[in-house]
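Chain lettering (A, B and C) follows the sequence in which the chains are written, and residue indices restart at 1 in each chain.
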Amino acid sequence: MKRRLLSLVMAAGLLVSLITGCGKSEASSEKKVTIIFGDQVANVEESSKYLWDVAQEFMKKNPDITIEFQGSDHEDYISKLKMATQSDSLPDVFWIEPSMLSEFSENGYIYDLTEDAKARGIMDRFQDGMLDVNMVDGKLYGLPSEVMLPCYYYNKEIFKKYNLEVPKTWDEFLEVCKVLSAEGVTPIAKGALSNWSVWNWQNIFVRYGFFNDIDDILNGEKSFNNDNFIHAYEKIKELSDAGAYAENVKTIDYYQAIEVFLAGNAAMLDSGNFACRDIENSEIANEVGCFSYPLIENGVTDEMTRIGTFNGPYAVSSKAASDEAKKEAIFKFFEFYYGEEGAQIVANTNMLPTSKFSGTVDAEKNPVFAQIVDLYNEEGWSNQFQPYGYMATNVADTWADSMWGVALGNYTPEEAAEKVEQEIRY
Amino acid sequence: MLSNKKNIILFSIPSFLFYTVFIIVSTFSTIKYSFTDFSGIGKANFVGMENYKRLLTDEIFIKSCSNTIIILMVSFLLILPISFFLAYVLDWNFKGSSAVKALNFTPYIIAPVIVATIWVFLLDPTMGVINNALRIVGLEKLQQEWIGGNTKTPYSIGVVYAWQSIGYYATIFLAGLKTVPTEIYEASSIEGANAWQKLRYITLPMIKDSIVIVIVLAVNGALKIFELVYQMTNGGPNHKSETAVTYMYYIMFKSGKYSYGSAMAVVVLVACMIFTLIYIRNVKDNLE
Amino acid sequence: MKKSKVYYVLLFIVILVTLLMIFPFVWTIVMSFKTDNDIINAPLALPKVWNFDNYVRALKTLNIFAMYKNTFIVVVTTQIVSLVITFMSSFAICRMKFQNRKIKNLLYTYYLLGISVPVYILLFPIYRINIRLGVLDTLWSLILPYIAITIPFNTLLFVGFMKGFPKELEEAAIIDGCDLIHLCIRVVVPILKPVIATVTIFNVIYNWNEFPFAVTYISSSANYTISLATSMFKGAYSRDYSAMIAAAVLIMIPQLIFYALLQKQIIAGMTEGAVKA
């Protein structure tokens, strides 16, 4: 009878789930150490390939250490992380927003890496000052996950067709957009549904003295609603007024914008080094070039200032660090990841390694990546942090939202600046 | 036996326990947080009514509430008649009505992210099917910013929600229609009643309970819409298409103001509950 | 029923409505054969090539059998427990004689208020409950809350329909000396089959697709449920739309089959119930 079948199924189900439920692998036995590694993507193997590959190679070399990834899509990941702090169940190592480092360290959730990183020579693997963004009060709380180098990708064929040169100055940039727009070609592919896809707009703020003032602003000594930043917003408006964005910018997201660019339906893409892999794998790989954002006259900082540093650090939970065997395993992994071999593995996935890297890139097989590497190594630039990661998430979010508001014509530059000011003072 | 106290308790306790622990206690926890400054991590300090006062002047919250009401009205006006109509015809059990039934149910099971992708293709002002079709037929003037604009989005969301759930509500109506004994219809036929009279004097009164169920679910469902808006517009542009729940989610989980979001949740909750209570009371259920 | 002109007109309208309903579903299946590029840039076009590449990619990425298994365990366990306890409590409200009638009404209202609760406010509190119970990252962390969530809805439907059923059969059975358990199983449940089937469909569909709890309470990939499948195709800076849509189709198909199977139950139950009544 159906009821009996159902009860059998139920019994089986309960049994199976009981088995599954009976404790995760807390294998901290003498032989094997397991590191639980949290990442902000659901499919680490695909989406954080560089991390995955390094981990696989590491595990081959260290059979007594297992790295188990637990990843979710970014937003779910962040809310889970926050909840985990309330129950002391953070992963052993985990990706974190740079802006969350101070809150987490203040509350004692994460481990101070300074001593161990120094002792193992990990600090030497980076350029001076690059790790500052991961420090709180001079102490190192995170190690970098990836390079954040915003840039514009452009379609060489389209540029050739309309006799356009890569713009070096802001005015040239506006000209390029106007010409393309007049010809009915979408100048820049962008998607408003992805609030955070504001990399190159951030560059404008950096140029207008973001890092000169931000600490004072966050402290309350200065206001976000100031002339410099209003100028920055005005620049964004100029770009939008020049017809830089397609009409449907409001209804697509960043991922769709990528597809528009890859199909040759837009001349440029507002993005960064992280998009390299997708472009490399597309049909137009050989026709794509990249440039850092165009120089703006009359800014506040040096003309050649751009964002070119690290994103989302990896932090170590205090709990994991208190387990000697785990701590040892974790730092062994870091040594490998930031070592020469680890850097090579990362480069092989067409991602810029965060640590000093002296390998070469095959320009024929990876034309886009080779250009990114050249761009990254270009002389003369003063590389700054990413402002977005420098502020608390809600402020960063409001800031991005305000930039979109100006671009879409929903806010005036003054209103936009005021909104961010209010959010900071909340 | 039916008045045996032990039996009553035995039958009532399990549901009561599960429900109270997981739903009621959790809701009270949220209410508690709404009076603090809890951000999601760290400590929670008592701040009294501050969060609620803030709600009164939060433009975005007020806009999200008006958006939610628009969605509610649009979807309600579409759902009630169409789902009933669907169930009514399906009740005739014509050939293939099972298949039609299942097909009408499909919108409900499609993952919201896919629903969003498809409907944006239809509604997009520049590339979407609807505006393009209007252009082709020469009715360009009727083109609207169905989505992504500043005003029309909630109406579109209402339509999409209705599309998504009509099959769902039709199933409830159908279950209700099936409980009406055919003898009553046959008897009225003998007395010369036509289809319309049967509908008005027999069917509708007899499925009153189903109507109540559908209204309660539809209203609460519309007020709780989340996935759809989240995937279609993410509440944008610039928060112009937020609904009560999407904005609450944004505040609680993205903006790091868990306690403020809790206050929002309480307000929405109370509004929904008041509706449900008043409505149920007015219908005067007869619980013997 | 007389097949008048009106009959055919109404039938035609229903067919039209149905086509409108399924058109996006059909489109989804067509889309699942296209490439990312074509999905975004040529949304209305048919696929250039009809192959199963997207499905292959989706299946390679997903541990599909484990995910189906986990969802199945969660859904079946939840459903059995939920049906039993909500039937019992609804029966108590409808048919049992409480000492004080007010308590009965209060209980009914108490459960109904739960319909208004958006699940996101339960996310964090239930997280803590799961930690206290020690079930985080196991399937129980989903089963227990799911059972609780079905209670208001099931109560609304069970009580709503039970009220309308005549009590003569039950009274006759009691006079015949039927005890409580047998009364329920032999007499009431068969009459309620259409309602039970309807409730089951809704509960199962909801739990099958449930996302926020699943993504928050489960961390080990071995315990993932199928509703998390689409999120596996979202990268930090890229999205595999075509595989995601293929995965979505794989999630949908079992639900349709389940719905179709259960619909037959409703019709069967109807005739049975009518005869008994």
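Just so it is clear, contacts are C-beta pairs under 8 Å (C-beta built on N, C-alpha and C of every residue); 3 or more make two chains touch, one makes a residue touch a chain.
Because the structure is a prediction, the values reported are computed rather than measured.
J.: Measuring between mean CA coordinates, which chain is farthest from chain C?
T.: A
J.: Where is the C-beta contact count highest, in terms of which two chains?
T.: Most contacting pair of chains: B-C.
J.: In whole angstrom, what separates the CA-based centres of chain A and chain B?
T.: Taking the mean C-alpha position of each chain, the two centres sit 37 Å apart.
J.: In angstrom, rounded to a whole number, how far apart do the mean CA points of chain B and chain C lie?
T.: Centre-to-centre distance between chain B and chain C: 16 Å.
J.: Give me the residues of chain C that touch two or more other chains.
T.: Residues 39, 124, 128, 241.
J.: Give me the residue numbers in chain B that touch at least two other chains, ranges are fine.
T.: Within chain B, the residues that touch at least two other chains are 127, 253.
J.: Quick one: which residues in chain A touch 2 or more of the other chains?
T.: Expected reply: 79, 83, 86.
J.: Could you list, by residue number, the parts of chain B that touch chain C in their complex?
T.: Within the complex, chain B contacts chain C at residues 1-3, 5, 7-8, 10-12, 14-16, 18-19, 21-27, 29-30, 82, 85-86, 89-90, 92-94, 98, 100-111, 113-115, 117-119, 121, 127, 129, 163, 166-168, 171-172, 174-176, 178-179, 181-182, 195, 206, 209-210, 212-213, 216-217, 220, 223-224, 226-227, 245, 248-249, 252-253, 258, 262, 265, 268-269, 272-273, 276-277, 280, 285-288.
J.: Residue numbers of chain A touching chain C in their complex, please.
T.: For chain A paired with chain C, touching residues are 6, 9-10, 13-14, 16-17, 20-21, 24, 40-43, 46-48, 68-70, 72-74, 76, 79-80, 83, 86-87, 89, 91, 252, 254-256, 258-260, 262-263, 265, 271, 274-275, 277-278.
J.: Quick check: in the complex, which residue numbers of chain C touch chain A?
T.: Its residues touching chain A are 36-37, 39-41, 61, 69, 72-74, 76-77, 80, 123-124, 127-128, 131, 135-140, 143, 215-216, 219-223, 228, 231-241.
J.: Can you name the residues of chain B that touch chain A in the complex?
T.: 40-42, 120, 123-127, 147-150, 233-234, 236-240, 253-257
J.: Flag every residue of chain A that touches chain B in the complex, lowest number first.
T.: 75, 78-79, 82-83, 85-86, 103-104, 106-107, 109, 192-193, 195, 246-248, 250-251, 253, 392-394, 397-398, 401, 404-405, 408, 410-411, 426
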